[in-house]
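As written, the chain order gives the labels A, B, C, D and E, with residue 1 at the start of each chain.
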Amino acid sequence: PAVTGTSTNTSPPLSGSITVFAAASLTGTFTELAKRFEAKHPGTTVNLSFAGSSELVTQLTAGAPADVFASADARNMARLTAAGLVDGEPVDFATNTLEIVVPPANPASIATLADLARPGVKTVICQAKVPCGSATVAVEKAAGVTITPVSEELSVTDVLGKVTSGEADAGLVYVTDVKGAGARVKGIPFSESGTAVNTYPIAALTASARPAVSAAFVRFVVGAIGRSVLAAAGFGAP
Amino acid sequence: MVAVAAVGALFVLLPLAAMATRVDWANFLALVTSESSVAALLLSLRTSVAATALCVVLGVPMALVLARTTFWGQRLVRTLVLLPLVLPPVIGGIALLAAFGRQGLLGHTLELLGIRIAFSTTAVVLAQTFVALPFLVLSLEGALRVAGTRYEAVAATLGARPTTVLRRITLPLVLPALLSGAVLSFARALGEFGATLTFAGSLQGVTRTLPLEIYLQRETDPNAAVALSLVLLVVSVAVVALTLRTVPGPAGAP
Amino acid sequence: MTLAFSASLAARGFDVTLDVARGETVAILGPNGAGKSTALEIIAGLLRPDSGHAEWDGTALFRLDGGPRGAWLPPHRRGVSLLAQDALLFPHLSALDNVAFGPRSAGVGTDAARATARTWLAEVEASDLAAVRPGRLSGGQAQRVAIARALAADPNLLLLDEPLAALDAAVAPTIRRMLRRVLEGRTAIVVTHEVLDALTLADRVVVMNRGVVVETGQTREVLERPRHPFTAELAGLNLVLGTRTAGGMAADWGELVAPAASIVRGAAVAAAIRPSAIEVSLEPLPGRDNSVPVTVIDLEPRGDSIRVRADSLSADVSPGRAAALDLAPGDRVFFGFDGEDVSLYGSERPSTLR
Amino acid sequence: MVAVAAVGALFVLLPLAAMATRVDWANFLALVTSESSVAALLLSLRTSVAATALCVVLGVPMALVLARTTFWGQRLVRTLVLLPLVLPPVIGGIALLAAFGRQGLLGHTLELLGIRIAFSTTAVVLAQTFVALPFLVLSLEGALRVAGTRYEAVAATLGARPTTVLRRITLPLVLPALLSGAVLSFARALGEFGATLTFAGSLQGVTRTLPLEIYLQRETDPNAAVALSLVLLVVSVAVVALTLRTVPGPAGAP
Amino acid sequence: MTLAFSASLAARGFDVTLDVARGETVAILGPNGAGKSTALEIIAGLLRPDSGHAEWDGTALFRLDGGPRGAWLPPHRRGVSLLAQDALLFPHLSALDNVAFGPRSAGVGTDAARATARTWLAEVEASDLAAVRPGRLSGGQAQRVAIARALAADPNLLLLDEPLAALDAAVAPTIRRMLRRVLEGRTAIVVTHEVLDALTLADRVVVMNRGVVVETGQTREVLERPRHPFTAELAGLNLVLGTRTAGGMAADWGELVAPAASIVRGAAVAAAIRPSAIEVSLEPLPGRDNSVPVTVIDLEPRGDSIRVRADSLSADVSPGRAAALDLAPGDRVFFGFDGEDVSLYGSERPSTLR
């Protein structure tokens, strides 16, 4: 990560377009980063494709043409590595932790994780099989709380959606989601969140037609600018 | 022309066949009889039947009014009623939330009446009805227009009251269209995913229908997802085929 | 007067006033497109006129005169049963159930309705078709079932649009006889192209043309003394229109000797001459009161005779005579007939058409 | 009956109206004219038109063969051809990948020919065609059956060759159904989401259609999502209404 | 022999052999459901018989005898044009374009085809309907356009199913005359319920009943000497079947005095008696060769006369005579006629029906 300064001076100017597959939770940050990368390296274009991480892995194994993959969890990156599509070692570039999310008015007066298990509170969480769901299970275990949700959503977005629309009293989502939703929700940090830290790895792909650009983009994300943009969105450092 | 038709048919059939080749037959039974799968299948069947019934109850009068009366703004109403066909289902779910959600237009009223729709099986049925209703209205209205009003007029001159005409002439004449519309509605309800997810949530045995279960399984076990898809497919085929068997083609065909 | 009807419909150039007395059968005659079917459809309530009103036995069927007491009785409450020009049997019901439809709609139970239906099917000689679906009936068979269906509904007012058109020669008389029996004492309007139907079934005829009534009166009277060319054609008579002169009448093509009749000179008169009363000759016929030079247009073989159609008149001659004359279209010949063969009467239409 | 019809219409219209109330009108224009939104809308229109054309080209012969011929296994083929109606779109995407993907049934063949379908704009069109084709086949086949063969028979006795009969009698007679089928197909293609995502991916300007854009915006900017949904809705209404304007109801209706 | 046709279709109990010579017009007569329309549909290629074969001018239309040389020519290649019992005008084309459809299909350009169509519309007196869509035509107007359409296709073989059924009395003669002119020299088959059509249009008639041919021959010959009750009814004749005796013939209900004829005793014979030749009386008529006691079934007013239908025979009487007799159904009366009014001939059907 310390080489960013020199490489641009010694290498020939980068050019060409690459396609980056990134987890949906990275939509805002990566759109920003792609813009900045293009500004820094005139002649390059970064095309972005966002979807759920597992969706993207399915697409990549089915032959989707891409140069870089940024996953929201290690498991999906591992699936891709196992398929032999990853060039070199994936690099972790961000982390994310869970936070309680409630409507701005906090109708159920939620303060702690234990409040989510109170009878009468409509809580939505992710189903255990999806990444945010496994994190939820981990914090529940750590806190010794058993939440009886009214819905086990298929993605963190759906959890957030249930809270922003006011259907649910509370939900468990990532810090970045709470930040992204702005004033439409209120985030309530809880102490046990540290027991389930989700790591975001990024890697260039073997199929890349422009390995130099791909590698540069990975470095860019991992580098200082990437850090600051990601931090601004609420991501933690790896 | 037959060649083009064959190409068209292949275009649809090939992917279906290809998917069947992906099924892990060795574990098929285990995959599809897991508790969560069975719960999802049963829930799907139950809600789809309810949604189809609701479609028939609401859709038949709608088709009749659209086909047999003229009123100001009819074309607009007709177009709007067909919109759920077009809307990406997730948007449909958002719209349903905006209307029937806790903070929706009717939310307060419903709350006062003690009716809670969100996160209930009722919500699933409503979401399915919302997306499936246009199928029924569309097939039936078309059939009603094609059938025309001549037989109904004759029946009226024979002294039949409007309800008698409806029961003994109109409905029997368009029965094939009604049946095929109901089958389509059922099928669409059975496959409904996006609106359900957004509007009803996903809880095993309550709101997690088969398509949602398939989506979930895909996350961890693509084999299970494919196997379940095949189940969904077979159920649909069975329903469609069974119903069409009882329909001998348009009544009155020469 | 049981039915008092008056309606106009601009889109079809239709403007008709018509009355039918209780128990009376009226035949509507007229060329294609005259508005006969239109009249029946308006009475049955299937078509809405622009304006007009109709009353049945004191009840308004419709009243669309723009006044405050507008009314529109829906078809099923009119007690009017219409046999349309095409049979329109319900395709999903058997012939029997088609016929039973009317009684069932009147609230009769299934079995009783079927029994009634069976009786009517027998009347139209279609008992063996009871179980057949309309799709499998021939044109005439369907027509018979449709007749039975209209009758089984036991309407107050029966409207029949060309009921016997598709029927074969063997069954038509039977069904015509049955209709005559059934229409006895009933109020009915029958549209027909057949004089025989009018003669056997109708008490009175109404002749329509281009949407309006052009003649009306007792059947015999109208058919024996036609005032409109269409009626004359239908009745098989030559019609000559002109003005009364001392010796007879003046037609377009000359003077016609006719018997004395108490019609003032100069009045508009009509003369009817039966084609069989006319003699055809290659030479003038001085022995006859009238000897009219004509050009042959066509020869039409009929059962016992051959009809010689000429520009102004038609004559019937025996096949032997026709052979002797060796006629061909375009030939100039003379038509001869006596004054006593000419039936002369005023051609003024009665000022009020009943 | 009219009351029930009104309830049915309300059930569909209320959510749509409710959604309209959610639109952030102040920023509406900015939201819907962003680069990515415009790119998505244009891509959606382009691919939907292409998919509709493909649906007509493939669907008309299919409907004709289904309605006008009899062959062994017809009912099965008919049922299978209608399956994409039923299938959750995501499953449709999986099936398409299984057939045309790199590791699919035809993948190797296509690769040898230098054809890459998946994750290209072509894939979007194929996905849309896959889900929209049954709409066209269904409306058209129904209309063909109802229209019957009597006029075609008359035309043949007047010396018209089968192609002439098709062009001058059959197609004009079912034109309303063909048009409404095409409109439905277009609408379904325009709203297609699940199969596109799975089979074509979500790359701006290439495969990210309007529904995908909406879905994506929903994660970050729900206002934009709602605004875009409204755009999609208006475009659909416009297409449906415009097309239906030119269709005066079933030809030959009394 | 241009058309040689033989086909059977069990589902409709149809089994017919029929030949038509080039330039000949054949009329098919028969009661409802006799299979007339079925015959035309099979010839046109719209209906497939179970077995049989048909040849047109040496070309096989179909050959379904199970042999190796099976054949089935599609309808559009048969050069056969069918005017069906219902007009079936294409609803999306104007009357003009309906008529122009045949010429267009034969490859004629739009303008030329329209010109042809205009000519034919004029022939059926429907020029003013050129721009009208079928939905707005009256029953008879549609029928006229359909006739024009069938003729404009200029077929080798023309099949007309009740072409004049819906036409009004004023236009029917014109169109019948036009058909006669058009059919001159053409090969055609006309289904009709009208004797007049058969007499004016057809060289030969074929009488069908229940799916089979029961009589055939020159039109006049068949109608004057009917051998089948339906034919007699159609021709308006009384038909008596029996066996030849010395003085005449023995019928069911007794002996009939008839003129000498060279028919051997014991042979099956038929007698035709015109209703107008029969005298009706309340008393026996010893002055007549035949005086038959009958029961009146019905009285049917006709133009000049009243037809008295009785159990075995029918008689025509003048209205005056009818009034004098004061007849009513059920009355027992005597029908008298002389031997010379009886036309006696063998009733054996010719062994081979042409």
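Here is the rule we use: contacts are C-beta pairs under 8 Å (C-beta built on N, C-alpha and C of every residue); 3 or more make two chains touch, one makes a residue touch a chain.
Keep in mind that this is a model prediction, so the values were computed, not measured.
Enquirer: By the touch criterion stated at the start, how many steps lie between chain A and chain C on the shortest route?
Expert: Counted as steps through touching chains, the separation is 2.
Enquirer: State the pair of chains with the top count of C-beta pairs in contact.
Expert: B-D
Enquirer: Between chain A and chain B, what is the gap in Å from one C-alpha centre to the other?
Expert: That gives a centre separation of 36 Å.
Enquirer: List the centre-to-centre spacing of chain C and chain D in whole Å, with centres computed as mean CA coordinates.
Expert: Roughly 56 Å, centre to centre.
Enquirer: Distance-wise, how many Å sit between the C-alpha centres of chain B and chain D, to the nearest whole number?
Expert: One centre to the other, that is 17 Å.
Enquirer: Starting from the mean Cα coordinates of chain A and chain D, work out the distance between those two points in Å.
Expert: 34
Enquirer: Can you list the chain A residues in contact with two or more other chains?
Expert: Residues 58, 161.
Enquirer: Quick check: what residues of chain B touch more than one other chain, meaning two or more?
Expert: Touching at least two other chains: 94, 150, 215, 218, 253-254.
Enquirer: Output every touching chain pair, sorted by label.
Expert: The set of touching chain pairs is A-B, A-D, B-C, B-D, C-E, D-E.
Enquirer: Could you list, by residue number, the parts of chain D that touch chain A in their complex?
Expert: Counting only chain D, the residues touching chain A are 97, 101-104, 107, 116, 118-119, 197-198, 201-208, 216, 218-220, 222.
Enquirer: Spell out the residues on chain B that touch chain D in their complex, using ranges where they run on.
Expert: Its residues touching chain D are 1-2, 4-5, 7-9, 11-19, 21-22, 57-59, 61-62, 64-65, 69, 75-92, 94-96, 98-100, 104-106, 129-130, 133-134, 137-139, 142-143, 145-150, 177, 180, 184, 187-188, 190-194, 211, 214-215, 218, 225-226, 229, 232-233, 236-237, 240-241, 244-245, 249-250, 253-254.
Enquirer: Show which residues of chain E lie in contact with chain D when the two form their complex.
Expert: 44-46, 74-76, 78-82, 84, 88, 90-93, 101-102, 104-106, 134-135, 149-150, 153, 155, 159
Enquirer: For chain C, which residues are in contact with chain E within the complex?
Expert: 29-34, 37, 85-86, 137-141, 143-144, 162, 165-173, 176-177, 193, 195-196, 199-200, 223, 229-230, 233-236, 298, 300-303, 309
Enquirer: Quick check on the complex: what are the chain D residues that touch chain E?
Expert: The contact residues of chain D facing chain E are 150-151, 153-162, 164-165, 168-169, 172-173, 175, 251-254.
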